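Below is the structure I would like to discuss, written out as structure tokens.
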Amino acid sequence: MQVQDVRSVVITVKCQSRPGIVAAFSQVIFECHGDILDINQHNDKTQDRYFMRMACQLQAGEIPALRERLNAVAARLGAYYTLQDGVESTRTLIMVSRFDHCLNDLLYRWRIGELNMQPVGIVSNHPKDVACSRISLGDIPFYYLPVSDSTKDEQEDRLRTIIADTKAELVVLARYMQVLSDRFAREMEGRCINIHHSFLPGFKGAKPYHQAYKRGVKLIGATAHYVTSDLDEGPIIEQDVERVTHSDTAEDLVRKGRDIERRVLSRAVLYHLEGRVILNDDKTVVFLN
Amino acid sequence: MQVQDVRSVVITVKCQSRPGIVAAFSQVIFECHGDILDINQHNDKTQDRYFMRMACQLQAGEIPALRERLNAVAARLGAYYTLQDGVESTRTLIMVSRFDHCLNDLLYRWRIGELNMQPVGIVSNHPKDVACSRISLGDIPFYYLPVSDSTKDEQEDRLRTIIADTKAELVVLARYMQVLSDRFAREMEGRCINIHHSFLPGFKGAKPYHQAYKRGVKLIGATAHYVTSDLDEGPIIEQDVERVTHSDTAEDLVRKGRDIERRVLSRAVLYHLEGRVILNDDKTVVFLN
Amino acid sequence: MQVQDVRSVVITVKCQSRPGIVAAFSQVIFECHGDILDINQHNDKTQDRYFMRMACQLQAGEIPALRERLNAVAARLGAYYTLQDGVESTRTLIMVSRFDHCLNDLLYRWRIGELNMQPVGIVSNHPKDVACSRISLGDIPFYYLPVSDSTKDEQEDRLRTIIADTKAELVVLARYMQVLSDRFAREMEGRCINIHHSFLPGFKGAKPYHQAYKRGVKLIGATAHYVTSDLDEGPIIEQDVERVTHSDTAEDLVRKGRDIERRVLSRAVLYHLEGRVILNDDKTVVFLN
Amino acid sequence: MQVQDVRSVVITVKCQSRPGIVAAFSQVIFECHGDILDINQHNDKTQDRYFMRMACQLQAGEIPALRERLNAVAARLGAYYTLQDGVESTRTLIMVSRFDHCLNDLLYRWRIGELNMQPVGIVSNHPKDVACSRISLGDIPFYYLPVSDSTKDEQEDRLRTIIADTKAELVVLARYMQVLSDRFAREMEGRCINIHHSFLPGFKGAKPYHQAYKRGVKLIGATAHYVTSDLDEGPIIEQDVERVTHSDTAEDLVRKGRDIERRVLSRAVLYHLEGRVILNDDKTVVFLN
């Protein structure tokens, strides 16, 4: 057995609830001489729906046989499954407007090896010196797509081309302040993560920190969610909050919010990259340990 | 100087912003041979409004002179002030429906000396054996005020009588599930604290934990606020949250929520009793250390 | 199939790491027509040790067959397993000294159905009116075991007798301030939970809040752990903290600490009762969802 | 009155407790036509010691008169005071070894205007391409001071020269892993902030995350403190924690710890820069709002 051939793979399963699912899938791993490192499952009783995540290690040479057996088991149980090979990093496109704190944070975490992604491009509706003047992008391509009412559709087509050309598997809206079309949201279902700067469902829409200041809340938050055609209503992946007081101005909330936004978005991206997030209609299943 | 005569008093001040307020009020304390233990202030720049809280110690015999001087200073500066003598505990009426966890918590904290209040009665729209079967009320009077659509007004009048008879200065709605009238809310402005079982402004209205479950949020919360005629829109005193996951059912959220509700409500009541909360239109100033 | 026969059982497994464990155990559940509701596992790579928890539902009539098959699988894999029938509540003895906030909290949670335990007795080194004057014990027996240097061993023997007579499976030290013997700690391994009023390993020993005040920490905490012969060094089950400031006196820390202690202890007891905690030498595996 | 002349100044006061301090200092501000924006005080009863912070706005032209009057009041009350003019940013030297996450975070916050400091240099015991290969330093000078047992004293002298030449008022040890001498610690009293990667007083010394893993704690933390000659015993400015589980390896703790370290250190630096921290022997007073 050659050490260099050992692979970490993540398998996710989604199907109708029924007995024997763990037994069937774990048997397949065992037959392929794999070792289950992590296993999580969730029964959504209200929907009679079952979700599972298995992180395994096995010889690279076993992966084709594993896929074949998984196909058979999935067919028998009426299950939908995914298999993610841990060697491959996810090709990721990051979109940003004028605030670069989330972008800076994602790139730093990628550079020190925290996020197993490959940034294939930065897209902004502002020029590079506005969008990320303080950040060294290295050789990550920057795409300037200025948006006006008249060019909106055209620019979204260019975005589609960029996604296709760069083979981006994930799009992260890292404080990208332009609304994308319903069509785009549908095309990118489960592959486009947005950070909204409020604790949803409170303070949807524009200027949430100013709304929060006006309402006098004692905690502010941020929400990372998959983009859907219904603005700020997409399945929530991660949220967090921080305490504020009467002495915090709206500007203070913006400042404190930056810290919340970047940790919430980076966690959501991490969970997505590690295959921990499964869509469940308007909600998510997020398997942590 | 006799030790037994030393009193702790709390002074709150509210006025238009202008220089010299701290100087003027602290000079008055000094002239009455008082010692300032705590001082907090807040300038609301958006409203050009000033708030201050001073906790002082002085001889009981100095209090009349202090009041006189405070009257003069307040008149000169156009300020509104309150003076609370720490010896007196606040007469408090607690209202409850079917869930007694908040009531139990408040009474326990009162019994071990955490809350400087005097419970003058428990009011419920359910009989005593439903409303608080697990709790020993000791000699705190229990008032059963069943509410139906036809008796609503009449019962609220009885409630007014109870408040008047017991000289209640504070009413705490400790999971009291009946809506009180606009008139009542106005009469009790700044003296009636409610606990809402969601992180407002998210999930207003009925069954907030079920709304939260449906939306798939990753944190749930509770909000203590002063009651106003606008339901779930009153000035927020305190909020807190706890993390939940996809595996929590709506019933799990109810269970986890109980812990949040009781700590949020007990903190809000504590802050109120210690004179730490000042109303600022739809918001509050809460002076902590 | 009769609905009233459906049982929830919790199975925990502990063995050397090896492939096929999930497959083997989940197969057994499947063969007994059981449904896996929850499954968690942990590989401790540093010890080459494997831990698993399965929560299942199956017909009561299947339980004997399940035990038989589990025995066979466990023998084959060299595994140690436990099976807990969810119908049975854990017989629990609670020990307390002068502070009853944890006791009050545990009993309240038991009364509203949060904790699936059966309190078989309260033991204190103080008389009932000192140990729990503010709490109605109902028909839970109270045992007064005053401890002095000369009676220590004798009283611990009485405690052993009480544990034996009441068939207590779990002993909770709910701010019991007497040190138990090494022998007792060994006898009760994994069945005796203590709450220490600091964030261990900081501030071991006596008066931890006063130690914390002296050191000027900005957060204080509490730690629930299994009792071992090494004081304050037992396997940690749960910890939590709260923020404090320079303005908090040692007495304020004691007050704030009460809230932390009771939520940490009640969580630890809940996790233990639900079979979520497995000992791993000096540490614990705690399976949450 | 010319708008451009309005200055924000921060005054801190430290003296023996006695009545009239607020009155005296606020009167001085009033006489100089200043406006008190924030006022905080603390009475340390155990030491009979008084601390105050006032943030004021006044005409730049009034500052000399203010200093004169403050000198007089301070002399009369036996008080020690500081006055910090908000226009001036604090000259700051940052020291780092091999991990640059704290450095990166501090520089980013400075660049977006969160931290009112002027970085006058980066010092490392590693070459620039090791210490901060991922970060663009712009025109901040980098000093490479390799340390060995034989060169330790000599390099510390070079460090002294750098501090003198750059007129650094604050030194931040942003994961600088070399121990500085007692003499240096005394020279820099209250002007040198270190981040220790544990929740002190737990896990002092080397490899705290590995110690935490071994002990099986359920929360890990970080501590920012002023450097003293007693290692890891300096006055604590800020601490924070995050939840971990049995499934986190020592390496996971290191990763999660990075986030805690950078937010704890950046907060401590912010508080120091805003004149919010006053030394109280082995502890700090930290005035937040």
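Going by the order they are written in, the chains are A, B, C and D; count residues from 1 in each one.
Here is the rule we use: a contact is a pair of C-beta atoms (placed from the backbone, for glycine too) under 8 Å apart; a residue touches a chain by one contact, two chains touch by 3 or more.
By chain, with names taken from UniProt: A, B, C, D = Formyltetrahydrofolate deformylase.
Since the structure is predicted, the reported quantities are computational estimates derived from the model, not experimental observations.
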State the pair with the higher C-beta contact count; candidates are A-B and A-C.
-> A-B
State, to the nearest whole Å, the distance from the C-alpha centre of chain A to the C-alpha centre of chain C.
-> 37
Determine the centre-to-centre distance between chain A and chain B, using the mean Cα coordinates as centres, and give it in whole Å.
-> 42
Using the touch rule from the top of the page, what residues of chain B touch 2 or more other chains?
-> 38, 42, 245, 247, 289
Using the contact definition from the top, classify how the chains connect: line, ring, star, complete or other.
-> complete
In the complex, chain D touches chain C at residues 42, 44-45, 199-203, 214-219, 221, 235-241, 245-247, 249, 280, 282-286, 288
So, in the complex, the side of chain A touching chain C is made of residues 19-23, 26-27, 29-30, 33-43, 289
So, in the complex, the side of chain C touching chain B is made of residues 38, 101, 104, 108, 111-112, 114, 134, 136, 245, 247-248, 255, 259, 263, 289
